[in-house]
Amino acid sequence: MTNTKTTKTTIGRTRWAIAEGWIPPQSHGPAPAMTSHETACLLNAGDDDAHVEIRVFFKDRDPAGPYHVVVPARRTLHLRFNDLKDPEPIPRGTDYSSVIESDVPIVVQHTRLDSRQSEEALLSTVAYSE
Amino acid sequence: MTNTKTTKTTIGRTRWAIAEGWIPPQSHGPAPAMTSHETACLLNAGDDDAHVEIRVFFKDRDPAGPYHVVVPARRTLHLRFNDLKDPEPIPRGTDYSSVIESDVPIVVQHTRLDSRQSEEALLSTVAYSE
Amino acid sequence: MTNTKTTKTTIGRTRWAIAEGWIPPQSHGPAPAMTSHETACLLNAGDDDAHVEIRVFFKDRDPAGPYHVVVPARRTLHLRFNDLKDPEPIPRGTDYSSVIESDVPIVVQHTRLDSRQSEEALLSTVAYSE
Amino acid sequence: MTNTKTTKTTIGRTRWAIAEGWIPPQSHGPAPAMTSHETACLLNAGDDDAHVEIRVFFKDRDPAGPYHVVVPARRTLHLRFNDLKDPEPIPRGTDYSSVIESDVPIVVQHTRLDSRQSEEALLSTVAYSE
(Lines give C-alpha, C1' and ligand atoms only; values in the text may rest on other atoms or scores of the structure.)
Protein backbone atom coordinates (compact mmCIF):
# COMPACT_ATOMS: atom_id res chain seq x y z
CA MET A 1 0.00 0.00 0.00
CA THR A 2 1.23 3.46 -0.78
CA ASN A 3 1.67 6.14 1.85
CA THR A 4 -0.56 8.69 0.20
CA LYS A 5 -2.61 8.82 3.42
CA THR A 6 0.20 10.63 5.21
CA THR A 7 0.01 13.47 2.73
CA LYS A 8 -3.78 13.91 2.85
CA THR A 9 -5.21 13.54 6.29
CA THR A 10 -8.26 15.76 5.95
CA ILE A 11 -11.66 14.18 5.45
CA GLY A 12 -15.16 15.58 5.62
CA ARG A 13 -17.13 18.69 4.79
CA THR A 14 -17.74 22.09 6.37
CA ARG A 15 -21.56 22.26 6.56
CA TRP A 16 -23.65 19.67 8.40
CA ALA A 17 -27.21 19.38 9.63
CA ILE A 18 -28.98 17.14 12.13
CA ALA A 19 -32.74 17.46 11.69
CA GLU A 20 -33.68 15.40 14.75
CA GLY A 21 -33.07 16.54 18.31
CA TRP A 22 -34.82 16.27 21.65
CA ILE A 23 -33.46 16.52 25.20
CA PRO A 24 -35.61 14.93 27.93
CA PRO A 25 -37.43 17.43 30.16
CA GLN A 26 -35.89 17.93 33.59
CA SER A 27 -39.26 17.64 35.24
CA HIS A 28 -39.63 13.98 34.32
CA GLY A 29 -37.36 12.79 37.13
CA PRO A 30 -34.13 10.81 37.01
CA ALA A 31 -35.26 7.75 35.02
CA PRO A 32 -35.83 7.05 32.24
CA ALA A 33 -36.20 10.65 31.12
CA MET A 34 -32.74 11.84 32.12
CA THR A 35 -30.82 8.76 31.12
CA SER A 36 -30.00 9.65 27.54
CA HIS A 37 -27.88 12.27 25.84
CA GLU A 38 -28.04 13.84 22.42
CA THR A 39 -24.53 13.80 21.02
CA ALA A 40 -22.83 15.19 17.94
CA CYS A 41 -19.58 13.31 17.32
CA LEU A 42 -17.20 15.68 15.55
CA LEU A 43 -14.07 14.26 13.89
CA ASN A 44 -11.30 16.59 12.79
CA ALA A 45 -8.77 14.34 11.07
CA GLY A 46 -6.88 17.27 9.55
CA ASP A 47 -3.81 19.21 10.58
CA ASP A 48 -5.60 22.45 11.50
CA ASP A 49 -7.89 23.13 14.44
CA ALA A 50 -11.58 23.26 13.53
CA HIS A 51 -13.55 26.28 14.72
CA VAL A 52 -17.13 25.07 14.80
CA GLU A 53 -20.35 27.05 15.02
CA ILE A 54 -23.62 25.38 15.96
CA ARG A 55 -27.04 26.94 15.43
CA VAL A 56 -30.13 25.32 16.89
CA PHE A 57 -33.58 25.58 15.28
CA PHE A 58 -36.98 25.18 16.93
CA LYS A 59 -40.60 24.85 15.97
CA ASP A 60 -41.97 27.96 17.63
CA ARG A 61 -39.15 30.44 18.23
CA ASP A 62 -36.09 31.97 16.61
CA PRO A 63 -32.90 29.91 16.38
CA ALA A 64 -30.45 29.79 19.30
CA GLY A 65 -26.72 30.31 19.03
CA PRO A 66 -24.31 30.28 17.49
CA TYR A 67 -22.54 28.07 19.99
CA HIS A 68 -18.76 27.91 19.54
CA VAL A 69 -16.66 24.77 19.87
CA VAL A 70 -13.06 24.03 18.90
CA VAL A 71 -12.03 20.55 17.76
CA PRO A 72 -8.21 20.45 17.78
CA ALA A 73 -6.26 19.05 14.85
CA ARG A 74 -6.26 15.22 14.69
CA ARG A 75 -8.77 14.96 17.52
CA THR A 76 -12.41 13.94 17.96
CA LEU A 77 -15.02 15.56 20.18
CA HIS A 78 -18.20 13.80 21.28
CA LEU A 79 -20.26 16.88 22.07
CA ARG A 80 -23.37 16.61 24.21
CA PHE A 81 -26.07 19.10 23.38
CA ASN A 82 -27.07 18.96 27.04
CA ASP A 83 -23.76 20.69 27.83
CA LEU A 84 -24.26 23.72 25.56
CA LYS A 85 -24.73 26.75 27.85
CA ASP A 86 -23.58 29.86 26.01
CA PRO A 87 -25.42 31.90 24.79
CA GLU A 88 -28.26 29.84 26.35
CA PRO A 89 -29.02 26.23 27.31
CA ILE A 90 -31.09 24.25 24.82
CA PRO A 91 -34.61 23.95 26.18
CA ARG A 92 -35.63 20.52 27.47
CA GLY A 93 -38.60 18.58 26.15
CA THR A 94 -38.50 20.55 22.90
CA ASP A 95 -38.05 19.41 19.33
CA TYR A 96 -34.99 20.97 17.72
CA SER A 97 -32.62 20.67 14.76
CA SER A 98 -29.02 21.79 14.44
CA VAL A 99 -26.73 23.18 11.75
CA ILE A 100 -23.01 22.65 12.32
CA GLU A 101 -20.46 24.65 10.37
CA SER A 102 -16.68 24.45 10.50
CA ASP A 103 -13.86 26.43 8.94
CA VAL A 104 -12.07 23.18 7.98
CA PRO A 105 -13.53 19.82 6.90
CA ILE A 106 -14.91 17.64 9.68
CA VAL A 107 -17.16 14.57 9.90
CA VAL A 108 -20.33 14.69 12.02
CA GLN A 109 -22.30 11.73 13.36
CA HIS A 110 -25.50 12.08 15.39
CA THR A 111 -25.70 9.64 18.31
CA ARG A 112 -27.96 9.20 21.30
CA LEU A 113 -26.27 7.72 24.36
CA ASP A 114 -27.93 5.71 27.09
CA SER A 115 -26.05 6.51 30.27
CA ARG A 116 -27.73 3.66 32.07
CA GLN A 117 -25.62 1.24 30.07
CA SER A 118 -22.10 2.60 30.38
CA GLU A 119 -22.43 5.19 27.63
CA GLU A 120 -23.62 2.78 24.99
CA ALA A 121 -25.27 4.38 21.99
CA LEU A 122 -28.94 3.80 21.27
CA LEU A 123 -28.95 5.12 17.75
CA SER A 124 -26.52 6.74 15.36
CA THR A 125 -26.55 8.23 11.89
CA VAL A 126 -24.11 10.21 9.83
CA ALA A 127 -25.42 13.76 9.60
CA TYR A 128 -26.44 15.43 6.36
CA SER A 129 -23.51 17.24 4.75
CA GLU A 130 -22.88 19.48 1.80
CA MET B 1 -14.14 32.61 12.48
CA THR B 2 -15.69 34.61 9.69
CA ASN B 3 -19.34 35.51 9.57
CA THR B 4 -20.07 33.92 6.22
CA LYS B 5 -22.74 31.82 7.91
CA THR B 6 -24.97 34.85 8.30
CA THR B 7 -25.01 35.36 4.56
CA LYS B 8 -25.78 31.72 3.64
CA THR B 9 -28.25 30.14 5.98
CA THR B 10 -29.84 27.65 3.61
CA ILE B 11 -28.82 24.01 3.80
CA GLY B 12 -30.29 20.88 2.29
CA ARG B 13 -31.96 19.63 -0.85
CA THR B 14 -35.45 19.69 -2.33
CA ARG B 15 -36.16 15.98 -2.99
CA TRP B 16 -36.03 13.34 -0.27
CA ALA B 17 -37.17 9.76 0.14
CA ILE B 18 -37.73 7.47 3.11
CA ALA B 19 -38.05 3.88 1.92
CA GLU B 20 -39.07 2.42 5.29
CA GLY B 21 -42.35 3.13 6.98
CA TRP B 22 -44.84 1.25 9.12
CA ILE B 23 -47.47 2.51 11.57
CA PRO B 24 -48.69 -0.02 14.16
CA PRO B 25 -52.22 -1.34 13.55
CA GLN B 26 -54.87 0.14 15.81
CA SER B 27 -56.34 -3.25 16.49
CA HIS B 28 -53.26 -4.40 18.39
CA GLY B 29 -54.23 -2.58 21.57
CA PRO B 30 -52.49 0.13 23.48
CA ALA B 31 -49.11 -1.51 24.11
CA PRO B 32 -46.69 -2.11 22.63
CA ALA B 33 -48.28 -1.66 19.24
CA MET B 34 -49.39 1.95 19.74
CA THR B 35 -46.36 3.21 21.57
CA SER B 36 -44.23 4.36 18.67
CA HIS B 37 -44.49 7.06 16.03
CA GLU B 38 -43.03 7.34 12.58
CA THR B 39 -41.57 10.82 12.30
CA ALA B 40 -40.01 12.89 9.52
CA CYS B 41 -37.92 15.69 11.01
CA LEU B 42 -37.92 18.57 8.55
CA LEU B 43 -35.39 21.39 9.01
CA ASN B 44 -35.79 24.61 7.09
CA ALA B 45 -32.72 26.70 8.00
CA GLY B 46 -33.32 29.19 5.20
CA ASP B 47 -35.02 32.57 5.05
CA ASP B 48 -38.08 31.47 3.03
CA ASP B 49 -40.96 29.26 4.10
CA ALA B 50 -40.79 25.72 2.75
CA HIS B 51 -43.91 24.37 1.03
CA VAL B 52 -43.59 20.62 1.32
CA GLU B 53 -45.44 17.87 -0.52
CA ILE B 54 -45.41 14.30 0.74
CA ARG B 55 -46.45 11.31 -1.33
CA VAL B 56 -46.82 7.89 0.27
CA PHE B 57 -46.21 4.64 -1.61
CA PHE B 58 -47.54 1.18 -0.81
CA LYS B 59 -47.04 -2.41 -1.87
CA ASP B 60 -50.49 -3.16 -3.22
CA ARG B 61 -52.24 0.08 -4.10
CA ASP B 62 -51.72 3.45 -5.75
CA PRO B 63 -49.82 6.16 -3.86
CA ALA B 64 -51.59 8.44 -1.38
CA GLY B 65 -51.30 12.19 -1.29
CA PRO B 66 -49.88 14.60 -1.88
CA TYR B 67 -50.06 15.80 1.72
CA HIS B 68 -49.16 19.45 2.20
CA VAL B 69 -47.08 20.84 5.03
CA VAL B 70 -45.45 24.24 5.56
CA VAL B 71 -42.18 24.57 7.47
CA PRO B 72 -41.68 28.28 8.22
CA ALA B 73 -38.35 29.99 7.60
CA ARG B 74 -35.71 29.18 10.23
CA ARG B 75 -37.90 26.58 11.87
CA THR B 76 -37.98 22.80 12.28
CA LEU B 77 -40.99 20.51 12.15
CA HIS B 78 -41.00 17.01 13.59
CA LEU B 79 -43.88 15.60 11.54
CA ARG B 80 -45.64 12.43 12.63
CA PHE B 81 -46.99 10.34 9.80
CA ASN B 82 -49.74 9.23 12.20
CA ASP B 83 -51.06 12.80 12.09
CA LEU B 84 -51.45 13.01 8.30
CA LYS B 85 -55.21 13.11 7.58
CA ASP B 86 -55.78 14.94 4.31
CA PRO B 87 -56.46 13.59 1.71
CA GLU B 88 -56.58 10.35 3.74
CA PRO B 89 -54.98 8.81 6.83
CA ILE B 90 -52.07 6.45 6.21
CA PRO B 91 -53.28 2.90 6.72
CA ARG B 92 -52.05 1.15 9.87
CA GLY B 93 -50.15 -2.11 9.84
CA THR B 94 -49.05 -1.49 6.25
CA ASP B 95 -45.60 -1.16 4.74
CA TYR B 96 -45.09 2.20 3.09
CA SER B 97 -42.45 4.57 1.73
CA SER B 98 -42.53 8.33 1.32
CA VAL B 99 -41.20 10.94 -1.07
CA ILE B 100 -40.84 14.44 0.34
CA GLU B 101 -40.43 17.42 -1.96
CA SER B 102 -39.95 21.08 -1.04
CA ASP B 103 -39.79 24.31 -3.02
CA VAL B 104 -36.71 25.41 -1.02
CA PRO B 105 -33.84 23.32 0.41
CA ILE B 106 -34.61 21.41 3.60
CA VAL B 107 -32.99 18.56 5.54
CA VAL B 108 -35.02 15.41 6.33
CA GLN B 109 -34.26 12.83 8.99
CA HIS B 110 -36.36 9.71 9.55
CA THR B 111 -36.92 8.90 13.23
CA ARG B 112 -39.09 6.49 15.16
CA LEU B 113 -40.18 7.73 18.58
CA ASP B 114 -41.03 5.56 21.56
CA SER B 115 -43.71 7.43 23.45
CA ARG B 116 -43.32 5.14 26.43
CA GLN B 117 -40.01 6.80 27.20
CA SER B 118 -40.73 10.50 27.07
CA GLU B 119 -40.49 10.82 23.30
CA GLU B 120 -37.06 9.26 23.03
CA ALA B 121 -36.10 8.09 19.57
CA LEU B 122 -35.64 4.42 18.83
CA LEU B 123 -33.89 4.79 15.51
CA SER B 124 -32.93 7.59 13.18
CA THR B 125 -31.35 8.00 9.77
CA VAL B 126 -30.87 10.86 7.39
CA ALA B 127 -33.20 10.33 4.45
CA TYR B 128 -32.04 9.79 0.88
CA SER B 129 -31.73 13.08 -0.99
CA GLU B 130 -30.94 14.26 -4.46
CA MET C 1 -46.37 25.30 -5.11
CA THR C 2 -45.77 24.31 -8.69
CA ASN C 3 -46.79 20.95 -10.08
CA THR C 4 -43.34 19.96 -11.32
CA LYS C 5 -43.60 16.84 -9.14
CA THR C 6 -46.19 15.38 -11.44
CA THR C 7 -43.77 15.51 -14.33
CA LYS C 8 -40.79 13.95 -12.49
CA THR C 9 -41.76 11.12 -10.24
CA THR C 10 -38.53 9.13 -10.31
CA ILE C 11 -36.14 9.36 -7.39
CA GLY C 12 -33.11 7.31 -6.44
CA ARG C 13 -30.17 5.53 -7.95
CA THR C 14 -29.51 2.18 -9.62
CA ARG C 15 -26.62 0.76 -7.55
CA TRP C 16 -26.87 0.23 -3.79
CA ALA C 17 -24.90 -1.65 -1.15
CA ILE C 18 -25.67 -2.77 2.40
CA ALA C 19 -22.44 -3.80 4.11
CA GLU C 20 -24.07 -5.20 7.23
CA GLY C 21 -26.18 -8.32 7.30
CA TRP C 22 -26.79 -11.23 9.63
CA ILE C 23 -29.74 -13.63 9.92
CA PRO C 24 -30.12 -15.44 13.26
CA PRO C 25 -29.20 -19.13 13.16
CA GLN C 26 -32.16 -21.51 13.14
CA SER C 27 -30.57 -23.67 15.79
CA HIS C 28 -30.90 -20.95 18.43
CA GLY C 29 -34.57 -21.66 19.03
CA PRO C 30 -37.60 -19.46 18.64
CA ALA C 31 -36.58 -16.53 20.87
CA PRO C 32 -34.81 -14.25 20.76
CA ALA C 33 -32.82 -15.62 17.85
CA MET C 34 -35.71 -15.93 15.40
CA THR C 35 -37.51 -12.77 16.31
CA SER C 36 -35.84 -10.33 13.95
CA HIS C 37 -35.71 -9.92 10.20
CA GLU C 38 -33.17 -8.30 7.93
CA THR C 39 -35.11 -6.15 5.51
CA ALA C 40 -34.26 -4.08 2.44
CA CYS C 41 -36.99 -1.51 1.82
CA LEU C 42 -37.10 -0.83 -1.93
CA LEU C 43 -39.00 2.21 -3.17
CA ASN C 44 -39.78 2.56 -6.86
CA ALA C 45 -41.47 5.95 -7.19
CA GLY C 46 -41.16 6.00 -10.96
CA ASP C 47 -43.47 5.03 -13.79
CA ASP C 48 -41.60 1.91 -14.90
CA ASP C 49 -41.27 -1.42 -13.10
CA ALA C 50 -37.89 -1.95 -11.46
CA HIS C 51 -36.10 -5.21 -12.20
CA VAL C 52 -33.78 -5.69 -9.28
CA GLU C 53 -30.81 -8.02 -8.88
CA ILE C 54 -29.35 -8.77 -5.47
CA ARG C 55 -25.95 -10.34 -4.91
CA VAL C 56 -24.91 -11.47 -1.45
CA PHE C 57 -21.28 -11.49 -0.28
CA PHE C 58 -19.73 -13.55 2.51
CA LYS C 59 -16.49 -13.77 4.46
CA ASP C 60 -15.40 -17.27 3.46
CA ARG C 61 -17.13 -18.25 0.23
CA ASP C 62 -18.09 -16.99 -3.19
CA PRO C 63 -21.05 -14.63 -3.52
CA ALA C 64 -24.61 -15.95 -3.79
CA GLY C 65 -27.14 -14.90 -6.36
CA PRO C 66 -28.14 -12.98 -8.23
CA TYR C 67 -31.60 -13.03 -6.69
CA HIS C 68 -34.29 -11.41 -8.84
CA VAL C 69 -37.07 -9.18 -7.56
CA VAL C 70 -39.52 -6.90 -9.34
CA VAL C 71 -40.77 -3.71 -7.69
CA PRO C 72 -43.73 -2.47 -9.75
CA ALA C 73 -44.03 1.16 -10.81
CA ARG C 74 -45.13 3.47 -7.98
CA ARG C 75 -44.86 0.73 -5.39
CA THR C 76 -42.65 -0.14 -2.45
CA LEU C 77 -41.38 -3.56 -1.42
CA HIS C 78 -40.12 -4.34 2.05
CA LEU C 79 -38.01 -7.38 1.17
CA ARG C 80 -36.91 -9.80 3.86
CA PHE C 81 -33.58 -11.46 3.20
CA ASN C 82 -34.94 -14.46 5.14
CA ASP C 83 -37.37 -15.01 2.28
CA LEU C 84 -34.78 -15.21 -0.51
CA LYS C 85 -34.76 -18.84 -1.74
CA ASP C 86 -33.64 -18.89 -5.35
CA PRO C 87 -30.89 -19.75 -6.27
CA GLU C 88 -30.24 -20.62 -2.59
CA PRO C 89 -31.32 -19.48 0.88
CA ILE C 90 -28.95 -17.11 2.66
CA PRO C 91 -27.09 -19.07 5.33
CA ARG C 92 -28.10 -18.34 8.92
CA GLY C 93 -25.70 -17.15 11.57
CA THR C 94 -23.33 -15.83 8.91
CA ASP C 95 -22.04 -12.31 8.27
CA TYR C 96 -23.00 -11.07 4.84
CA SER C 97 -23.26 -7.94 2.70
CA SER C 98 -25.47 -7.23 -0.27
CA VAL C 99 -25.29 -5.29 -3.53
CA ILE C 100 -28.62 -4.27 -5.02
CA GLU C 101 -28.87 -3.16 -8.64
CA SER C 102 -31.91 -1.97 -10.55
CA ASP C 103 -32.58 -1.06 -14.16
CA VAL C 104 -34.43 2.10 -13.05
CA PRO C 105 -33.76 4.42 -10.08
CA ILE C 106 -34.93 3.15 -6.70
CA VAL C 107 -34.29 4.08 -3.05
CA VAL C 108 -33.01 1.42 -0.63
CA GLN C 109 -33.17 1.53 3.14
CA HIS C 110 -31.75 -1.20 5.38
CA THR C 111 -33.98 -2.04 8.34
CA ARG C 112 -34.06 -4.73 10.98
CA LEU C 113 -37.52 -5.67 12.21
CA ASP C 114 -38.40 -7.07 15.60
CA SER C 115 -41.38 -9.33 15.05
CA ARG C 116 -42.00 -9.55 18.79
CA GLN C 117 -43.28 -6.00 18.72
CA SER C 118 -45.70 -5.94 15.83
CA GLU C 119 -43.10 -5.46 13.11
CA GLU C 120 -41.47 -2.44 14.67
CA ALA C 121 -38.02 -1.63 13.34
CA LEU C 122 -34.98 -1.91 15.57
CA LEU C 123 -32.58 -0.02 13.37
CA SER C 124 -32.62 1.59 9.97
CA THR C 125 -30.18 3.33 7.66
CA VAL C 126 -30.29 4.48 4.09
CA ALA C 127 -28.02 2.19 2.08
CA TYR C 128 -24.91 3.34 0.25
CA SER C 129 -25.68 4.43 -3.30
CA GLU C 130 -23.81 5.55 -6.36
CA MET D 1 -32.45 -7.36 -17.47
CA THR D 2 -29.09 -6.82 -19.05
CA ASN D 3 -25.95 -8.45 -17.74
CA THR D 4 -24.02 -5.22 -17.28
CA LYS D 5 -23.58 -6.15 -13.61
CA THR D 6 -21.19 -8.92 -14.52
CA THR D 7 -18.85 -6.47 -16.16
CA LYS D 8 -18.81 -3.90 -13.33
CA THR D 9 -18.72 -5.49 -9.93
CA THR D 10 -16.96 -2.75 -7.99
CA ILE D 11 -19.00 -0.47 -5.76
CA GLY D 12 -17.99 2.04 -3.11
CA ARG D 13 -15.33 4.59 -2.33
CA THR D 14 -11.80 4.60 -0.94
CA ARG D 15 -12.04 7.04 2.00
CA TRP D 16 -14.48 6.55 4.88
CA ALA D 17 -14.97 7.98 8.35
CA ILE D 18 -16.92 6.88 11.41
CA ALA D 19 -17.13 9.77 13.89
CA GLU D 20 -18.70 7.76 16.70
CA GLY D 21 -16.90 5.06 18.62
CA TRP D 22 -16.75 3.75 22.17
CA ILE D 23 -15.72 0.36 23.54
CA PRO D 24 -17.05 -0.51 27.02
CA PRO D 25 -14.42 -0.41 29.76
CA GLN D 26 -13.18 -3.80 30.90
CA SER D 27 -13.51 -2.83 34.53
CA HIS D 28 -17.30 -2.66 34.32
CA GLY D 29 -17.75 -6.42 34.57
CA PRO D 30 -19.32 -8.89 32.18
CA ALA D 31 -22.79 -7.35 31.74
CA PRO D 32 -24.00 -5.09 30.35
CA ALA D 33 -20.69 -3.34 29.76
CA MET D 34 -19.01 -6.15 27.82
CA THR D 35 -22.01 -7.27 25.83
CA SER D 36 -21.65 -5.06 22.78
CA HIS D 37 -19.12 -4.70 19.99
CA GLU D 38 -18.20 -1.81 17.77
CA THR D 39 -18.09 -3.16 14.23
CA ALA D 40 -17.08 -1.79 10.84
CA CYS D 41 -18.65 -3.89 8.10
CA LEU D 42 -16.37 -3.72 5.07
CA LEU D 43 -17.69 -4.91 1.70
CA ASN D 44 -15.29 -5.47 -1.17
CA ALA D 45 -17.50 -6.39 -4.13
CA GLY D 46 -14.70 -5.93 -6.65
CA ASP D 47 -12.25 -8.31 -8.29
CA ASP D 48 -9.13 -7.10 -6.45
CA ASP D 49 -8.21 -7.53 -2.80
CA ALA D 50 -8.68 -4.39 -0.71
CA HIS D 51 -5.75 -3.30 1.44
CA VAL D 52 -7.33 -1.24 4.18
CA GLU D 53 -5.72 1.16 6.63
CA ILE D 54 -7.57 2.30 9.74
CA ARG D 55 -6.53 5.28 11.87
CA VAL D 56 -8.22 5.94 15.20
CA PHE D 57 -8.65 9.44 16.65
CA PHE D 58 -9.16 10.44 20.27
CA LYS D 59 -10.06 13.47 22.32
CA ASP D 60 -6.88 13.84 24.35
CA ARG D 61 -4.04 12.06 22.57
CA ASP D 62 -2.47 11.51 19.17
CA PRO D 63 -4.14 9.11 16.74
CA ALA D 64 -3.46 5.37 16.88
CA GLY D 65 -2.60 3.20 13.94
CA PRO D 66 -2.59 2.69 11.12
CA TYR D 67 -4.10 -0.73 11.57
CA HIS D 68 -3.90 -2.95 8.48
CA VAL D 69 -6.66 -5.24 7.25
CA VAL D 70 -7.14 -7.11 3.97
CA VAL D 71 -10.62 -7.71 2.58
CA PRO D 72 -10.26 -10.27 -0.23
CA ALA D 73 -11.93 -9.77 -3.60
CA ARG D 74 -15.70 -10.47 -3.55
CA ARG D 75 -15.73 -10.87 0.22
CA THR D 76 -17.08 -8.98 3.23
CA LEU D 77 -15.41 -8.51 6.60
CA HIS D 78 -17.31 -7.54 9.73
CA LEU D 79 -14.39 -6.10 11.68
CA ARG D 80 -14.64 -5.64 15.43
CA PHE D 81 -12.67 -2.70 16.77
CA ASN D 82 -12.25 -4.72 19.98
CA ASP D 83 -10.06 -7.12 18.01
CA LEU D 84 -7.58 -4.53 16.74
CA LYS D 85 -4.25 -5.20 18.53
CA ASP D 86 -1.42 -4.00 16.33
CA PRO D 87 0.14 -1.46 16.81
CA GLU D 88 -1.92 -1.13 20.01
CA PRO D 89 -5.35 -2.07 21.36
CA ILE D 90 -7.98 0.67 21.28
CA PRO D 91 -8.43 1.98 24.83
CA ARG D 92 -11.69 1.00 26.54
CA GLY D 93 -14.17 3.51 27.90
CA THR D 94 -12.78 6.19 25.58
CA ASP D 95 -14.49 8.22 22.87
CA TYR D 96 -12.89 7.67 19.48
CA SER D 97 -13.43 8.15 15.75
CA SER D 98 -11.97 6.24 12.84
CA VAL D 99 -10.83 6.92 9.29
CA ILE D 100 -10.81 3.93 6.95
CA GLU D 101 -8.90 4.05 3.67
CA SER D 102 -8.65 1.41 0.98
CA ASP D 103 -6.66 1.07 -2.23
CA VAL D 104 -9.80 -0.11 -4.07
CA PRO D 105 -13.44 0.92 -3.61
CA ILE D 106 -15.24 -0.60 -0.63
CA VAL D 107 -18.46 0.09 1.28
CA VAL D 108 -18.33 0.70 5.04
CA GLN D 109 -21.20 0.44 7.49
CA HIS D 110 -20.88 1.17 11.21
CA THR D 111 -22.76 -1.30 13.40
CA ARG D 112 -22.93 -2.02 17.10
CA LEU D 113 -23.63 -5.65 17.97
CA ASP D 114 -25.31 -6.94 21.10
CA SER D 115 -23.76 -10.30 21.83
CA ARG D 116 -26.42 -11.09 24.38
CA GLN D 117 -28.87 -11.60 21.53
CA SER D 118 -27.04 -13.83 19.10
CA GLU D 119 -25.05 -11.07 17.41
CA GLU D 120 -28.03 -8.91 16.59
CA ALA D 121 -27.20 -5.32 15.75
CA LEU D 122 -28.31 -2.50 18.01
CA LEU D 123 -27.66 0.33 15.59
CA SER D 124 -26.22 0.75 12.14
CA THR D 125 -25.38 3.56 9.77
CA VAL D 126 -23.53 3.83 6.52
CA ALA D 127 -20.26 5.63 7.21
CA TYR D 128 -19.31 8.99 5.71
CA SER D 129 -17.50 8.58 2.40
CA GLU D 130 -15.76 10.75 -0.13
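As written, the chain order gives the labels A, B, C and D, with residue 1 at the start of each chain.
In this section, contacts are C-beta pairs under 8 Å (C-beta built on N, C-alpha and C of every residue); 3 or more make two chains touch, one makes a residue touch a chain.
As the structure is a computational prediction, the values presented were derived from the model and not from experiment.
Trainee: Keeping to the contact definition above, tell me which chains border both chain B and chain C.
Mentor: Touches both chain B and chain C: nothing.
Trainee: For the homomeric pair chain A and chain D, should the interface be classed as same or different, according to whether the shared residue numbers exceed half of all numbers used?
Mentor: Homomeric contact, different residues on each side for the most part.
Trainee: Through what angle, to the nearest 5 degrees, does chain C rotate to match chain D on its C-alpha atoms?
Mentor: So the angle, rounded to a multiple of 5, is 90 degrees.
Trainee: Distance from the CA centroid of chain A to that of chain D, rounded to the nearest Å?
Mentor: That gives a centre separation of 21 Å.
Trainee: Return the distance between the CA-based centres of chain B and chain D, expressed in whole Å.
Mentor: 30
Trainee: Note the residues in chain A that touch 2 or more other chains, in rising order.
Mentor: 122-123, 125-126
Trainee: Spell out the residues on chain B that touch chain A in their complex, using ranges where they run on.
Mentor: That would be residues 1-2, 5, 11-12, 39, 41-45, 74-78, 107-109, 111, 117-126, 129 of chain B.
Trainee: Going by the contact rule at the top, pick out the chain A residues touching chain B in the complex.
Mentor: By the definition above, chain A touches chain B via 15, 17-20, 22, 24-25, 28, 32-33, 36, 51, 53, 55, 57-60, 62-63, 66, 68, 93, 95-97, 99, 101, 103, 110, 112, 122-123, 125-128, 130.
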